[in-house]
Amino acid sequence: MGSTFGHFFRISTWGESHGAAVGVVVDGCPPNLDLTEDDIQAELDRRRPGQSRVTTQRKEADTCQILSGVFEGKTLGTPILILVWNTDAKSEHYAPFQHIYRPSHADYAYDAKYGIRNWQGGGRASARETVGRVAAGAIAKKLLDTQCGTEIIGYVKQIHKLYADVDPASVTLDQVEANIVRCPDPHCAEEMIAQIDWARRQGDSLGGVVELVARNVPAGLGEPVFDKLEADLAKAIMSLPASKGFEIGSGFAGTTLTGSQHNDPYEMRDGQVHTRTNNSGGVQGGISIGEPITLRAAFKPTATINKTQETVTDTGEATTLAAKGRHDPCVLPRAVPMVEAMVALVLADHYLRQKAQCS
Amino acid sequence: MGSTFGHFFRISTWGESHGAAVGVVVDGCPPNLDLTEDDIQAELDRRRPGQSRVTTQRKEADTCQILSGVFEGKTLGTPILILVWNTDAKSEHYAPFQHIYRPSHADYAYDAKYGIRNWQGGGRASARETVGRVAAGAIAKKLLDTQCGTEIIGYVKQIHKLYADVDPASVTLDQVEANIVRCPDPHCAEEMIAQIDWARRQGDSLGGVVELVARNVPAGLGEPVFDKLEADLAKAIMSLPASKGFEIGSGFAGTTLTGSQHNDPYEMRDGQVHTRTNNSGGVQGGISIGEPITLRAAFKPTATINKTQETVTDTGEATTLAAKGRHDPCVLPRAVPMVEAMVALVLADHYLRQKAQCS
Amino acid sequence: MGSTFGHFFRISTWGESHGAAVGVVVDGCPPNLDLTEDDIQAELDRRRPGQSRVTTQRKEADTCQILSGVFEGKTLGTPILILVWNTDAKSEHYAPFQHIYRPSHADYAYDAKYGIRNWQGGGRASARETVGRVAAGAIAKKLLDTQCGTEIIGYVKQIHKLYADVDPASVTLDQVEANIVRCPDPHCAEEMIAQIDWARRQGDSLGGVVELVARNVPAGLGEPVFDKLEADLAKAIMSLPASKGFEIGSGFAGTTLTGSQHNDPYEMRDGQVHTRTNNSGGVQGGISIGEPITLRAAFKPTATINKTQETVTDTGEATTLAAKGRHDPCVLPRAVPMVEAMVALVLADHYLRQKAQCS
Amino acid sequence: MGSTFGHFFRISTWGESHGAAVGVVVDGCPPNLDLTEDDIQAELDRRRPGQSRVTTQRKEADTCQILSGVFEGKTLGTPILILVWNTDAKSEHYAPFQHIYRPSHADYAYDAKYGIRNWQGGGRASARETVGRVAAGAIAKKLLDTQCGTEIIGYVKQIHKLYADVDPASVTLDQVEANIVRCPDPHCAEEMIAQIDWARRQGDSLGGVVELVARNVPAGLGEPVFDKLEADLAKAIMSLPASKGFEIGSGFAGTTLTGSQHNDPYEMRDGQVHTRTNNSGGVQGGISIGEPITLRAAFKPTATINKTQETVTDTGEATTLAAKGRHDPCVLPRAVPMVEAMVALVLADHYLRQKAQCS
């Protein structure tokens, strides 16, 4: 009952990791937007497993089909169904774990909640579910770009204990895509790749932080007091698999400043109200003010590792789990398009909401 | 259009900081719950301005009235309206700022969005709006306590650069309420109070972190994939005024661990599945697993300070703002009941949702 | 959990018939709309009990107060709280029925659902709850009138077996308000009044039909496939107390025509597409087309009568109920502003929705 | 933005009449319900075009596939995606009408709203969209049957001026399915079939009324004051293509009774509170009371006819439309499963809602 996101630009994802297919319905996309499968495929390719040596090696082409809502290259204003068939859904990999709760996976939680689960892979808890999010996010991105010139750029800011040096004001998509780890600090990127290679060899996994900047976001987006822009962004990010933290603007670091240090003075630039600094992260009182939106998302190290772990079975017996085979040593490079998609979905939703209120 | 929160246990707050009254409608509270105004007043008193020297000195008794939904001491299952009259709404304090955008306040954002604002105080952006949240949260707390034995305990973990040492597993409400800063580490609490006194004298303000633990939360709460428990908790927290960050379990610190360090091994205790560690913060795959839920909320330093600041007027002229008079040097002590209220509202909502799915 | 209506122009009513007060929160009204308590009072006065000899004689001034959301005569875009104190809530009238299920009232239904009810009057099932609807509807009417010139005119079309002759194309508010029964056919109105007087003397009650026309409704309102305009209108009407039927355009009578008789031919008038006939009732495919919207709402005879009736107690014993005292012999005259309010709420909601989709 | 229905048992339909496929996502179906494609196919076969000589002759097998949410014959509690490929989507039939507004179709309305439409058939306004509703309704029916023993039986009560004599208390599915017109009055059914044959030969179409009874509906379903059971039923029915009216219990006819005639006296039967009569139609105060729910839905004659009609083009020129080829002379027989599906969806949604409130 929780697979729908958004109010005006509303998506419903569906599909289990090892079921027949995964996908999404997008309801509320305005009519007459140019849209083709290529627009969506481009983002899916950034999310795709097996795209490089630093990601999971599951083999999925992730080719999308649009089955409704688009006619002669334009959106109709009706629901858009996007479908991706699962092709590398080898359930035999999972047969040994059918009755074993993998630590820090959702196996036990799903059993506790539903009393049943598709043990062939992570089911809905798998990152595979994000195929639908990224596909829908591609449409949201296109809408925002077409109507507002909005740019949404995410990148890997941190992996394990390696911190990249990136200027959100100037970072470009090309810089992000210049390496397989999606870190626009080239020197740090090399170290990150080496670190991931090490983790893979160890059968271990790494966490990190994705940072994102959204530029040219119209002022006025966000609905106080509960649907504040940062609140919906936080929900969007924290709904991604493996996310453990969210911050906007100065975030946790800003708590060590005083008010006189933290407040963003207003000034006029180009005849427009601007803030001199951006500790607010582009949002004040829950509403965008036209400054770049900056946020960060923390991802824990992937739960699947190739080391022996202690755990219990679904009948309550102590056992050990010794996974063997492919694992995803670091989700961060693929998390970048996921974070971007969620931010785009929030912004598109609030953009349409705000239009309803203008006179 | 964003003043409603929750789906099953649904609240709508209303009221401006300097309007006639503030309050809340609670729709969806189950019938036959014992409830009196005292239950609500107790929490409002913890949120009340002027409760101690470390908070804002606005004088409000914040006495609540229940106008509907309760009959002979029990809830009817119908909407509960709670009203608190504003008594210390002196708009003359704000007259000088009628046309000046106060830095890092919501003045400019509201003008940009609505084209109009109640300049007599912060309007809906004021922390006064949280009266309705805390009142509704008191009902949610009572529901959870009565039906599940759930305990929700928040406390000040950090103010400015002072970090308290607190064990979430054992902290009690009495320890929290033992001092005016709501920090259960007595030594640190004294330092925090001194720090706030200093900030007040400086005309400056301080930020910090509220930490919260929720014990005896039933397993199975949370609705993947978008209404995951941590996603709704993040939205709830990030909808509070001045919040800039949210984390659950290991949070941002957990990103520097490896998977083998971070995974929580399962074990049997008292015939029940438990995790040995709790990096997950009580939630896996978006679903509560019966372990204590632990989270942290970052609050920036309050925007109102008594120092001269540069800014602009609503007609775009550079000016300086020199506020004089009472200000709130640190919102953290009063943020504790606010955070608790939001967490209680999320848990109550998901508790009712989960009941709908059980067989 | 069902006291909220609308998505963009969203209202939440609260209050029991014999509680302290009744009212509504309106969330989503656009900012900068001129609004005073007089705008709302005018509609409440049309709904008020005791306004004439053909309605219930409960004495309520129904004076409204706006407690939030309006500043210096204009809406702020924030929630609007409207409150009406109950003054004639004499619970002793109801003491004899505390344990008796009044036939075709909601007493038994509420006990079955909630296991508790406020037996002092009808609680939420009372028509008193519609105070909040009519108050909110007054705002919706003003919004539609100001921004679209929309006119919403309801009137009594039928009482018992008396059918008025009214032309929806030309009927005016003055004609409706010219008599206490709100029937713009003066001759029929007199008969209706006599019929109601007869029913009152008999201790009995009468049903009937309210017809409504909405003119100058913009084309394009309605959201296929579920939130079609007629679907939301039907829900709105059928949520009113005592309503048993809804039809739009040709309605049930249209089922006896053939397609060639029923189809509305298109033609150009004043450079605009129009239909020659209006069997569609102004809606095609769930979307307004700019023609007048015409609909009808059936209301059963009021359940409260002064005749002896067989029934059972809440412990399952057969008994008889002999109500004595004031009763409402016919709700139809007061149902007119209720129906208008609900239609206005639906149109305002869809008007704002449609704005979100325009380019 | 209106293709989602329900809150707890929530469906989103997608697909245009002449697009690649049509279908539905069902979110909120409880886990562990036995479900196969056969359960769904059985209902789709009752809705299928070409099933008999009295329906449209479009050739569609309407074979459904479940792509998610079901594992080893049981629901997972995750979204269920059902897909039906369109196979007889011959757009060339519609090429002549690409720029002509067909009277009482949604062509003009969609152009007015969206500024674009898929002219190859009715798009979302086509009855083809109801494939997803009927598929989802089959799941809702199974849930209600399994958990409550609820029986939902619809039938054709009236076609044109022919009225069937049916006792809702005793009618059976077998009686309904005994003839191709789905009228359980065998004599009237024969006349109806002859009437439809006549209409087909004339190139004309007929309207009528579907009546429905739901037995063994638990007491307590419905959420006053807006989500009353009859309000949600009305919305559900009025969202179906070609519906023009809805009534419950005594409906419009009940408006000519007095209160003393209309009230349903309570009595005890089998130790349970019952009403002696059922003018209420099983619902009082918006809440089911355990009596059979009876309702009626009016359908206008189908808009597609084979007679010459006056109309205009999308550039505002007068023209005539002379459709040739297959048309649907009467939608009533196929409307029966559609009405049943919508009622099942409403009941399932409210059944789950009510579970959330029980203690």
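Read from first to last, the chains carry the letters A, B, C and D; within each, the first residue is number 1.
Basically, a residue touches a chain if its C-beta (ideal position, glycine included) is under 8 Å from a C-beta of that chain, and two chains touch if they have at least 3 such contacts.
Bear in mind that the values here come from a model prediction, so they are computed numbers and not experimental data.
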Measuring centre to centre, with centres taken as mean CA positions, what chain is farthest from subunit B?
-> D
Between subunit A and subunit D, what is the gap in Å from one C-alpha centre to the other?
-> 39
CA centroid of subunit B to CA centroid of subunit D, Å = 46
Roughly how far is subunit C from subunit D, going centre to centre by Cα mean, in whole Å?
-> 26
Tell me, which residues of subunit B touch at least two other chains?
-> 1-4, 8, 13, 28, 31-32, 77-78, 113-115, 124, 224, 353, 356-357, 359
Based on the touch definition given at the start, go ahead and assign the chain network to line, ring, star, complete or other.
-> complete
Contact residues on subunit B for subunit A in the complex?
-> 1-5, 13, 101, 103-106, 108-110, 112-115, 124-125, 129, 158, 160-161, 199, 202, 204-209, 219-220, 222-228, 230-239, 241, 243-252, 254-268, 271, 273, 275-276, 279-281, 283-290, 298-305, 307, 309-312, 316-318, 353-354, 356-357, 359
In the complex, the residues of subunit C that touch subunit B are 1-4, 8, 10, 12-16, 19-23, 25, 27-28, 31-32, 65, 67-69, 71, 74-81, 83, 113-118, 123-124
Across the complex, what residues on subunit C touch subunit A?
-> 7-8, 28, 30-32, 77-78, 147, 224, 352-353, 355-359
